[in-house]
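Read from first to last, the chains carry the letters A, B, C, D and E; within each, the first residue is number 1.
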Amino acid sequence: MEIKRRDFLKGIAGGAALALAQPALALAREKSRLPDAVGILYDATLCIGCKACMVGCRKANNLPAETIGPQKLWDNPIDLSARTLNIIKKYVSGTGEYKDREINGFSFIKRHCMHCVDPACVSACPASAMTKDKKIGIVSYNKDACIGCRYCQVACPFNIPKFEWDNPFPQIVKCQLCNHLLAKGELPGCCDACPTGASLFGPAAALLEEAKRRQKMQPGSYYDFPVSTITSGKIQYQQAAQYIPRIYGENEVGGAQVLMLAGVPFEKLGLPDLPSGSYVALAENIQHTLYKGMILPIVAFGGLIFLVKRSDKNKE
Amino acid sequence: MSKKIVIDPITRIEGHLKIECEVDNGKVVNAWSSGQMWRGIEVILQGRDPREAWIFTQRICGV
Amino acid sequence: MKKEQPLGGKIFTPTFLFFLLLLIISLFFLAKRFMYGLGAVTNLSDGYPWGIWIVFDVVIGTAFGCGGYAIAIMVYLFNKGEYHPLIRPALMTSLFGYSLAGLAVFFDVGRYWQIYNIFLPWYLNPNSVMLEVALCIGAYVVVLWIEFTPAFLEKLGADSAKKSLEKIMFIFVALGILLPTMHQSSLGTMMVVAGSKLSPLWWTGLLPLLFLISCIFMGYAIVIFEASITAQRYKIADESRILSKLSGIFPWMIGIYLIIRFADVAIRGHLGLAFRGDLMGNMFLLENLLLLIPMGILFMPANRNNARMLFLSAISIILAGTLYRFNCYLIGFDPGVGWKYFPAAGEILVTVGIVSIEIMAFLWFIKRLPIYHRA
Amino acid sequence: MKKQNHFALDEKLSEISRRDFMKFCGIMAVSMGLPIGVAPQIAEAITNPKRRPPVIWLHGQECTGCTESLLRASHPSLEHLIFDLISLDYHETLNAGAGHQAEAALHNSIKENAGKFILVVEGSTPLKEGGKYCMIGGRPFVDIVKETAAKAAAVIAIGSCASWGGVQSSPPNPTGATGLPEVLKGTTVVTIPGCPPNPYNFLSTVLYFLTFGKLPALDDKARPKFAYGRLIHENCERRPHFDAGRFAEKFGDEGHRQGYCLYKLGCKGPITNANCPSILFCDVGAGAWPVGTGHPCFGCTEQAVGFKIPLHTQAEVSQITPDAAHAPIETEQGKGLSAGAAGVLGGIAGVAIGAGAVIAKQLGQSEEGE
Amino acid sequence: MGAHGIHDHIVHFYHLCALDWVDIVSALKADPKAAASLAEKLSTWPKNSRHEMKAAQDRLKTFVNSGQLGIFASGYWGHKAMKLPPEVNLLAATHYLQALDYQQRINKVVAILGSKTPHIQNLAVGGVANPINPDSQSAMNMERLYYVKTLIDEIGDFIKNVYMIDVAAVGAIYADWTTYGAGVTNYLCVPDMPLDTAGTKFELPGGYIANGDVSSFKAITSFKDDYFKENVKESIKHSWYKGDWNRHPWEEETVPNITEYDRKRKYSWIKAPTFKGKPAQVGPLANVLCMFAAGHKPTVKYTTGMLDTVNAVLSMLGSSTRVSVQSLHSTIGRIAGRAIRCAVLHDSLVSQWQALIDNIGKGDYATYNEPVFPKGEQMGFGFHEAPRGMLSHWVVIQDGKIKNYQCVVPSTWNAAPRNSEDAKGPYEAALIGNPVSDPEKPLEILRTIHSFDPCLACAIHMVDTNNKKEIVKVRAF
């Protein structure tokens, strides 16, 4: 899925009309993980679907329950929403007998903000309401800056930012990795609540190492799996499942600080199959090529003034 | 002449006990008590988490 | 050269009253939107955060408003003074298109009370394509009003003020060409970031170029469309000769556009998607067919002199441009399986209301302001 | 001593009030998962047998916990059971006689009731070293049990030891402790696992057999479905807490004192089939079962769980119910075309096309007119 | 724990051991009225009426008449050694049936706290799993606590008005049995019902008595008591384990070595434990004697009360025999000791319940201390005075995993084979001199064996933890 760059360059070849300065376009920028980035490793094979993380999230972020259907008995959101920052969804195929198997199996999947290395929402937001922390890389939202244009929603490849459609004074709502709790030295609500270690908090680099370690595990053999955080010391001794050989979030759209492992292909779990480069980089490239230092527009402006003057003279 | 009495099994107890006595003149003069069953709980316990030992040891006896 | 003059006549015609009624209906829904939130009136959702208010009122509305820009290019860039009579009416449609787009944005934006944030330096995000679009459109609306100010000054008879304004007008005219070039291309760039969510039939790095070209031919088509109607409806100077000449540009522009369009899709290897018979494929074909047909028609000079053919071709081009933008922002946009969107009745009626304002303002302007050259 | 007096039993039973008796039968029916309507049938089976059915009870490697648990039963009580319901011909822990006398009683009963008695076995059978880890009356237990089972009408393995080996079969299983179904391959052995099993599961099985003349429906591990048909997790009073993600983190913490789910403390309810949460223990009212009092289930009824998976290790929950509670990967969301919107759009389209057509027509005319 | 002990003692006396002394068949011949008046003389128990007796007798008649005697078929009815008059037999049989009910009641206490019985499941290393929260419906709250209290009160009546009296009556009639079955008179027991979390203060004292000499009593004072720790050893000379050694439990190994039954060499699965190199008798009698020696007030009260009642019955029977504390070194003494301990435990139960309520009143809901297992080798032991006597667990933990675990349980002490010095175990010794009137029906041997309440696999209901730290049991009994 390297279309992006190739396409773009092809486009440039045919797009001489834009009269763009070629050298500036040659490379899409490459952002890499911040050294102190934190994140979550979600391992669907460890997930038992208890939804403790969802409750933990509600508690940590003081969110009300979300009931769907006429009875209003259960907190049962069907997707992420302005009230649900974190959801466990279930994939079932055929008889649904076997955990972590694509055919006749089932798997859970947790959805929340991926905290991209190069987040589309941050790039898109005209008012800097979405920001990526410069140290730990959490993508957070500032309602005082937000104008409610919802471009972040359009831009996010994972459909994460949600909007309060039924509020006359709405906000965008998304997982902010419980940065208010991290500031207090606590854990994100979901990782704190997860009983099995399926949601694991830790430094993004260490989580990637851990994910790679799991990829090499012998299915069926027993291994130690950390619970809550990678360094908590709490260990679950468990059989390794058959992982599919992919760490979701390692490279997708430039990588993410949230990583995922599963026994079922991620497309089946509702995660988009994304290229390794980021669309953001491309859009920003176009933008910056055209408007870097406003040189191009000013040059164009000068030319236009000349032309207009000439035309006016002719008219007279 | 002493007479040997073997009571096996001893009932109304828990487990399997065998008692052997030598009786002489209506009096017991010698006796042997023999446990007739072994389950190896101590062996099973080796290498386990101490926090769950009671699950096993408790089941040594149900009375 | 003849001067522009107000056409005069009654304002409150049945037509005007009809649109006034539509406006009142839309006000009801707008009130609801501001009281209960966007969800109460629109069918917008987290999957489709942008609906017709953005796509039609802004993205397409501004393209409709590119008449002024397109004619200005012709007059100033290519030094074709003969098209000058078209400038003021075209400017007027631009004024309406952009002003009302700004109004629509205000309705659509969730946190409208702090919309000024985008102008605050400490909130600026230079990476944001949206910022560029917003600032540019904002600036252009101002420029448009300034460009249009002479019409008011004429009406008021403030000749000296008009003269001094016209001395510096060249700056605004130049800006009036520069700004739409910037933001119309950026409207395309906006969807580049949507990446995988946009069908490959529309997603390309060339989106800015295609948006730019399409806004220009849409601008010409709008001018022709509008001139055709007014020429028919009000006895004004016959501009058909100018229009016929102007329409000669279409086959070339559309031709270049279509070549880029198809070459891009074909080179990226997604042309097959167009013939799958699904909604997206059909829309792609329809969108381009609506361009291909007028291109064919207008290729023949005889047709360019036929007012009816010209009118129908202009409609076809407008529809094509409209559809292209709908496709880029809504129909080709797939946020993941399971999401659907179709505008709600109230949503449509608000858009109708905005269009009604436009029509009413148009009627008022041409009757009261010196826009057209009288017959 | 063997005087026959057939009117005796009826006279005896008439002393218990009929209401009490019907109540008892109703409870039995419920605990067996039978409709309450069969209670009269059970009453019939109990009040009018020709003889009380003989039961022979053997002990292998055990702790007598299963017998002890029967002492705690109140419906029926042990007294009622052995005096009125069955004829317990041999039972090491309860037998009055010992040694030769007990052995003789055993052999007599086997001979006399061949093919008619119910054999109940408590405790596992050690197979290593020819069964010498458990000797009774000088003979390996394995021989005794095989011999007796061959003549029994039905064989019931009570407790986890008899069902699958129990605690002493935990790795490394030093004595080769084996469950009865393995020892008696080819014979149907109803297993009532549990350590100890709930006495009512055993009693209900016996009464089922007496009443309907056949064994209750069994699952793939030969456990009566009425008792082991569902996971503990499915009937657990703490299940709402599991569903809501409220867990006790450690004994005595706030969650623990609020009755939250014990999954994190190692509860094996999600992988253990038993009816503990529905019928409880010892008739002391609410919460009288391990999870109810605050301790995680350790899976004593499951061969693969009890004494195998460490106590404080969390179970891998594989059977998730209810499925509907989880959001599917894809859901229909957003609103599509509504009638109102279609009407409005239709109207606009109509007006636009009409106006366009009129204008186009007029444009043509004016041209013609030119 | 106390409740468990009481339950066990009642079941043992009435259902396991009474049949050695009570001739059920003889009860059929009794006159219910006479039995009732006899009973009324002995106690104020309201369920001693003529109708109760009649009902019980009828029940037995029906049963016997059915011809299917079941477990009773092989009994020693009419045995020469059965001496109780029919009325006393009926009284005992009536109480046999009533005891079935009362054992259930006290057992309910265990069930409420322990979730089920046997094999309670409320234990956790470091405390108990019973959360206390008077404001929660899912924890130990007022309803549960008062259910427990009610049951404790009910059972108290039974113990004091029925059990104690019956034992005294049987003891008086079988007073000759005070001379048989003393056996090993080294008595060992441990203190129990700790009053603090460190295990240095106990409600019930424990210790060691050598050679039946109460004045030789030496107390065991804490969970870390060195006197206890250093003097326990086990021998396998006559047991089916590999080798021939006499080791401290921490150093033991458990390797089975099965050979033929050979009285001279190896003949039992039971190891032979010793205290200070000598076999010791454990159990309720050992406990009562030690507590008596320690001057434990309730024990002294109930022991004296028991002896007085026996002497009263003896004088009522016109016998000149009188009993004293010395008489307790016997088969019947062990049975009496069990009844005395039962009463003592009941008092303790009442006070423990009150202590629990006081703690809750003070807002102390703690029930658990998280255990920590340091790296390296840790050795620990724990003990408890179980229904059948002193029980101790010895554990060696290496890096948080069990390296060695040895249970030295009551029946190991009592049913032990000969030890490394070839000294007889308590059962073996107690049988010496026992009368056997009919070798084919060795009822007397059973009487002595049963008086120990043998439990071969054996009773343990507690677990010690690491670092010589005993579980704190105070709050949940």
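To be clear about the criterion, a contact is a pair of C-beta atoms (placed from the backbone, for glycine too) under 8 Å apart; a residue touches a chain by one contact, two chains touch by 3 or more.
On a predicted model such as this, the values are computed, not experimentally measured, just so you know.
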Each chain counted as touching subunit B and subunit C at once: D
Graph distance between subunit C and subunit E, where chains that touch are linked: 2
Greatest separation from subunit B - chain, by CA centre: C
Chain located farthest away, centre of subunit D as origin (C-alpha): C
Whole-Å gap between the CA centroids of subunit A and subunit D: 46
Between subunit E and subunit A, distance of the C-alpha-averaged centres to the nearest whole Å: 67
Gap in Å, rounded to a whole number, between the CA centres of subunit C and subunit A: 34
Subunit B-subunit D separation of Cα centroids, rounded to whole Å: 32
Contacts with 2+ other chains: residues of subunit E: 11, 15-16, 19, 118-119, 123-124, 126, 256, 442, 446, 457
Two or more partner chains touched - positions in subunit A: 79, 270
Multi-chain contact sites of subunit B, meaning residues that touch two or more partners: 7, 10, 12-16, 36-41, 43, 48-49, 51, 59-63
Each pair of chains that touches, named by its two labels: A-C, A-D, B-D, B-E, C-D, D-E
Residues on subunit B engaged by subunit D in the complex (per definition of touch): 6-16, 18, 36-41, 43-44, 48-49, 51-52, 55-56, 59-63
Of subunit A, residues touching subunit D in the complex: 48-56, 74-79, 87-92, 96, 99, 106, 108-109, 193, 195-196, 236-239, 268-270
Subunit E residues touching subunit D - in the complex, by the definition given at the top: 11, 15-16, 19, 24-25, 55, 58-59, 61-77, 97, 100-101, 103-104, 107-108, 110-119, 121-124, 126-133, 136-139, 144, 147, 256, 258, 365-368, 370, 440-442, 446, 457
Sites on subunit C touched by subunit A in the complex: 34-40, 44-47, 49-50, 75-77, 79, 81, 84, 105, 108-115, 117-118, 122-132, 134, 170-171, 173-175, 177-178, 181-182, 185-186, 189-197, 204-206, 208-209, 212-213, 260, 263-264, 267-268, 333, 335-337
Subunit B-facing residues of subunit D, complex: 59, 61-69, 92-100, 102-103, 126, 133-138, 166-168, 170-175, 177, 195-196, 298, 307, 310-312
